[in-house]
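In the two assemblies presented below, subunit A is common to both, partnered first by subunit B and then by subunit C.
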Partner chain A sequence: MRSHESSESKTTRALRRFGRNARQFWRRFSRNKLAVASLGLVLAFALVAVLADVLYSYDFVTSNSPENAFLKPGAMGSVTFHNLTFDHRFLLGSDNYGRDILGRAIHGARLSMVIGFVSVAIGLAVGGILGLLAGYKGGWFDTIIMRIADVLLAVPTILLSIAIVAALGNSFFNLLVAISASLIPGYIRIVQASIIQVKNQEYIEAARCIGASDLRIVFKHVLANISGPLIVQSTLNVGASILWASALSFLGLGVLPPTPEWGGMLSEAREFIQYAPYTLFVPGIAIVLIVLAYNLIGDGLRDALDPKLKQ
Partner chain B sequence: MLKYITKRILMLVPVLLGVTFIVFSLMYVTPSDPAQMMLGANASPAAYTQMRADMGLNQPFFMQYLHFLFGFKSAVFGYKGLLFGDLGRSYVTNRNVFELILSSFPNTVYLALGALLLSIVVGVPIGILSATKPYSVVDMVFTVFALLGASMPVFWIAMVLIYTFANQFRIFPAMANPRDIWSLVLPIITLAMYSMAIIMRMTRSSMLEVMRQDYIRTARVKGMPEAVVIRKHALPNALIPILTVAGLQFGALLGGAVLTEKIFSYPGLGSIMVDAIYQKDTPQILGSVCFVAIVFTLVNLLVDILYGIIDPRVKVSMQKARKPLLEDTKHAFARIFGK
Partner chain C sequence: MDEILKISGLTVHYHSDGQVVHAINDLSLSLRKGEVLGLVGETGAGKTTLALSSLNMIQAPQGRVVAGTIEFEGRDVRALSRSDIQKIRGKDIAMIFQDPMTALNPLISVGEQIAETVRRHEKCTQNKAWARADEMLEMVGIPADRADEYPHQFSGGMKQRVVIAIALACNPKLLLADEPTTALDVTIQAQVLDMMSSLIRKSDTSVLFITHDLGIVAENCNKVATMYAGEIVEFGTVEQVFGAPRHPYTIGLFNSLPDFDVVSSRLKPIPGLMPDPTCLPEGCYFSPRCPDATDLCRSAHPVDLIEDGHLVKCHHPGSAKEVVA
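Here is the complex of A and B:
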């Protein structure tokens, strides 16, 4: 038995197992066509976000050219930029400062993707670790952490982020802090509750009996069992963070103009919707699409990761 | 039951104290200087020091927090404290902070109630319809519609509605005020979008859950028409979690009205809060955020208690176990929308 196993190295076996799991996961996930399409959409947005600087230079989308204000989608304009004058086609029109809306939306995509991922990563890391410690250790630590989470959950999420940004001041970093902080109590709750549910089950006891360390039990057994709901929740949270970030920027409490941010763009478009409705639709539809995509992926992941639906 | 309610109310005290502490700390670290704001830019250092003393700003952090809770004595800037419902006057408008909150809060309640009503009236029937024909075209259409409703930014919905119905067709005004019901239509639709989606999805999953049970099959086997099975047997049981979610949504709507009110220039608590934040009007911010948090918590508690009253199973579980059934509903809810 031993000799047969050692003919393959440990890593190859792990890789093979990973490949098998991944294939199985993909088979289940790809059954949901909407989710697959959404994944494609998110990847497309990500690609555009990565290539933002190649497509439109940041200086270009943040510099004003008043003579080009409110050009209709597809109109040509003459732009003077870095002492160079050239013709430029405004594919999706221009805003009140004569800036290219498509270019701004593309740079906004980069910002939104970063906000979505980073704030969820921070929220998951901090909330996850606190919830894990609280649930696994129990006792006074559990009580304190859970009471703090209760307190944070008692303030409506949007208000909490508004209050944090108002207190810390407007900046990209503070926006991230505010959104992550609003996500943390939710993660503490989920992780703590699932750990309490998992930790008294027999297989954990069995693992402890054969002498597994706390760390090993937590990572190999407990986390493996709660990763499904966490992944689903995080996917949905990425969408929610993008929504909150745009709402805060819309209120002027997030990223400040001229930084291209979808919520900020909408806030500027607000006064001009009557003669330039397209300024309203581009960033708005971008937000709806990306958030919808994350929600649909979350839906698909939920079905794909639920072991009860495996058959 | 009474014991449970008393316990829950007692448990609220530390939570609400914690809320006041967090909000106060946030305002304390805010890099604004109210004394400077009051005096203007070119005040003498002596006047500035005097002003800081008058406003109680020269005290250490913890003393200031105690003042905030229990009151502060000063000729101009004195107040009785949050526990006595008095936070003094706004730095900007010089109006009593809580008077302003209490006069604008009903306006926010109208909006939230209207939105809640609309989301129930639309969401529940559609949810039932979806559940009776799961995975059909109708169901798919409404599923996508619900997900769209949950994915659209509130402020964007508001702007699109204003553009369409106020600018293009001129049916509804773009600004809302509580005395004109016609003007409330657009803000109510805006605010209802998200909760409508949630209630729709919750109704669908709750109905599906109930329809799978044995007593429904029994009813069908007895030859009962499907409409009667749904109305008399499935719906009453399915409604319990729906009502809970609706109640929780009401709390969320009160907080979520901030953006809607701001866009429709509606004189509610949300507008006051945002304006106070723009103007760095510390007492007004403190008062409104604490007020909303307290109302939000109380509404959630009320929902918890009502849930126990309408569902006899919960009453039993409340007496036996520590974890009320509501937690299950919340989890089910989280499973649907991750909120």
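Here is the complex of A and C:
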């Protein structure tokens, strides 16, 4: 009668449950065709970013060859590189220093992906922990943390990042710090608010009532219940931080040239907007597509994770 | 030493908006092994607070136990270390919550929620804990193959049975049942109560049964305590209290029940409301609503009168006969 559960171990059960949940989630997520298309696009960008070194060598896309400047998309050029001279087809043209735009955009994708994920990870970790402590502990700690977050939120994000980079100096690492730091107050707010909402639920009291420790309650019962809004927010933030990184680079506050970065490429190309507009299109469209894709995925996730929309 | 729970002189305050809410006032109560004590009283009388304080779960900073001791098996629960009290919660003293809709974590499967309790308190493997979870589910009448499902896939009555399964998973010595059937409709109430009482009989658990429903008390309990404004105003065996209630509040409760033998269009409620717990009246807390109140009642707080184990906190007890008639 009760044969199945005795023969089945906890692990198989957990796997089965996970499989079922994953299928359910995918069914809800895949209803939104735009979100699925965006996910495909982001995965394509990620694949290109991973394969960047295979497709174009980094040294190649960062070294100048003035004789190839402003080649039209698809034009052939003769490149001298590492004492070797060979013909190269510039699929999407070349920029003012005669560098392959497609190659630079591909290496830029790698940088953008890293910035997007690392800064969100740092922001989520720091802001999440602070918000968690503030929300769960309450009292004066909550007051202090939240007022600091309020002050930081009152400063426009981009200004905050500019101030941080300006103070610390231009570098890739400082760019990461600046973007992460400007994400932190938002995360503190969202986590603290969700925790306050969840911690007064009766099931939290019930968990305490069966003898669960604070740590266990926070990680098993509270955190899981606020993961929905956090996942959505983080997806949107990946897009936003890519945008900010490009904006900062465009302003000359991001990574240093000749590092290929979309914002930096735009900045260099804008002087030649009339003479060679295609130099702007590639990084510009790349930024638009990736940010749009992350936002659409965020929307799709919100619909799929919101329990109120569950069937 | 057969007293499993002994509360003496307990006073609990809640602080809100600069006001002090007197939730429990100098309350003493004891519960013997194997006894089922029905705790009745209207909303806000402090019943849930009493249950929570037995687990030392009054939440600071709003709530504070001002005075009194709570002894569980002779140990003062308030003096226990955090880890010691956590070992007692869920293992020796378990609580059934009032609202099954919110007492279960929506993101964890019901089987896991039962297994979690077992794993917390008994040294056993995951598989053993899950086997126990299956067993508990079957025991409360839910097929074990639904253990992997989530709370939203269950009906209200089934959720309450899951909550009961969690509470009983570690064979507690004391069960605090906080209105376990209030959120359920009457037919499910009967099922859940039948199931609970048979489970309780099997395991010889002591129970503090909090309820509004005097019928439930009559059927399931050995002892009754009536609570009013944070005090126990009457306490005795079911026979004593139901046979001859002595406190005017208890009498009023019985009077406000519909009587099926007499055709009448109106019920007889107790006039007035519970006193505001931020400013309790002088004298007897029930005096503003009491039909028999005298000047003495309005000026002096009554003491416990105990007669043959039947306790009543009243200056003029025993006008009982007229009720029964």
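We take it that the second predicted complex is superposed on the first by the 304 of 311 C-alpha atoms of A that agree within 3 Å, B and C clash if a C-alpha of one lies under 4 Å from a C-alpha of the other, contacts with A are read in each partner's own complex, and residues count from 1 in each chain.
Throughout what follows, a contact is a pair of C-beta atoms (placed from the backbone, for glycine too) under 8 Å apart; a residue touches a chain by one contact, two chains touch by 3 or more.
Small disclaimer: the values here were computed from a predicted structure and weren't measured.
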Touched partner set for A:139, first subunit B, second subunit C, both or neither: second
Subunit B versus subunit C as contact partner of A:201, first or second or both or neither: second
First (subunit B), second (subunit C), both or neither touched by A:236: first
Partner chain in contact with A:82 - subunit B first, subunit C second, else both or neither: neither
Partner chain in contact with A:13 - subunit B first, subunit C second, else both or neither: second
Touched partner set for A:151, first subunit B, second subunit C, both or neither: first
Subunit B versus subunit C, judged by how many residues of subunit A each one touches: B
Partner subunit A, residues of subunit C touching it in the complex: 55, 57, 61, 83, 86-91, 94-95, 97, 99, 102-109, 116-117, 120-121, 126-127, 130-131, 134, 138, 144-145, 147-148, 152, 163, 166
In the complex with subunit B, residue positions of subunit A that touch it: 34, 147-148, 150-152, 154-159, 162-164, 166-169, 190, 232-233, 235-237, 239-240, 243, 246-247, 250-253, 263, 266, 269-270, 273-274, 277, 280, 284, 287-288, 291-292, 295-296, 298-299, 302
Interfacial residue positions of subunit B with respect to subunit A in the complex: 14-16, 18-19, 22-23, 26-27, 29-31, 144, 147-148, 150-156, 159-160, 162-163, 167, 251-252, 254-256, 258-259, 262-263, 273-274, 277-278, 285, 289, 292-293, 296-297, 334-335, 337-339
Interfacial residue positions of subunit A with respect to subunit C in the complex: 2, 4-6, 9-10, 13, 16-17, 20, 139, 201-203, 205-213, 220-221, 224-225, 307, 310
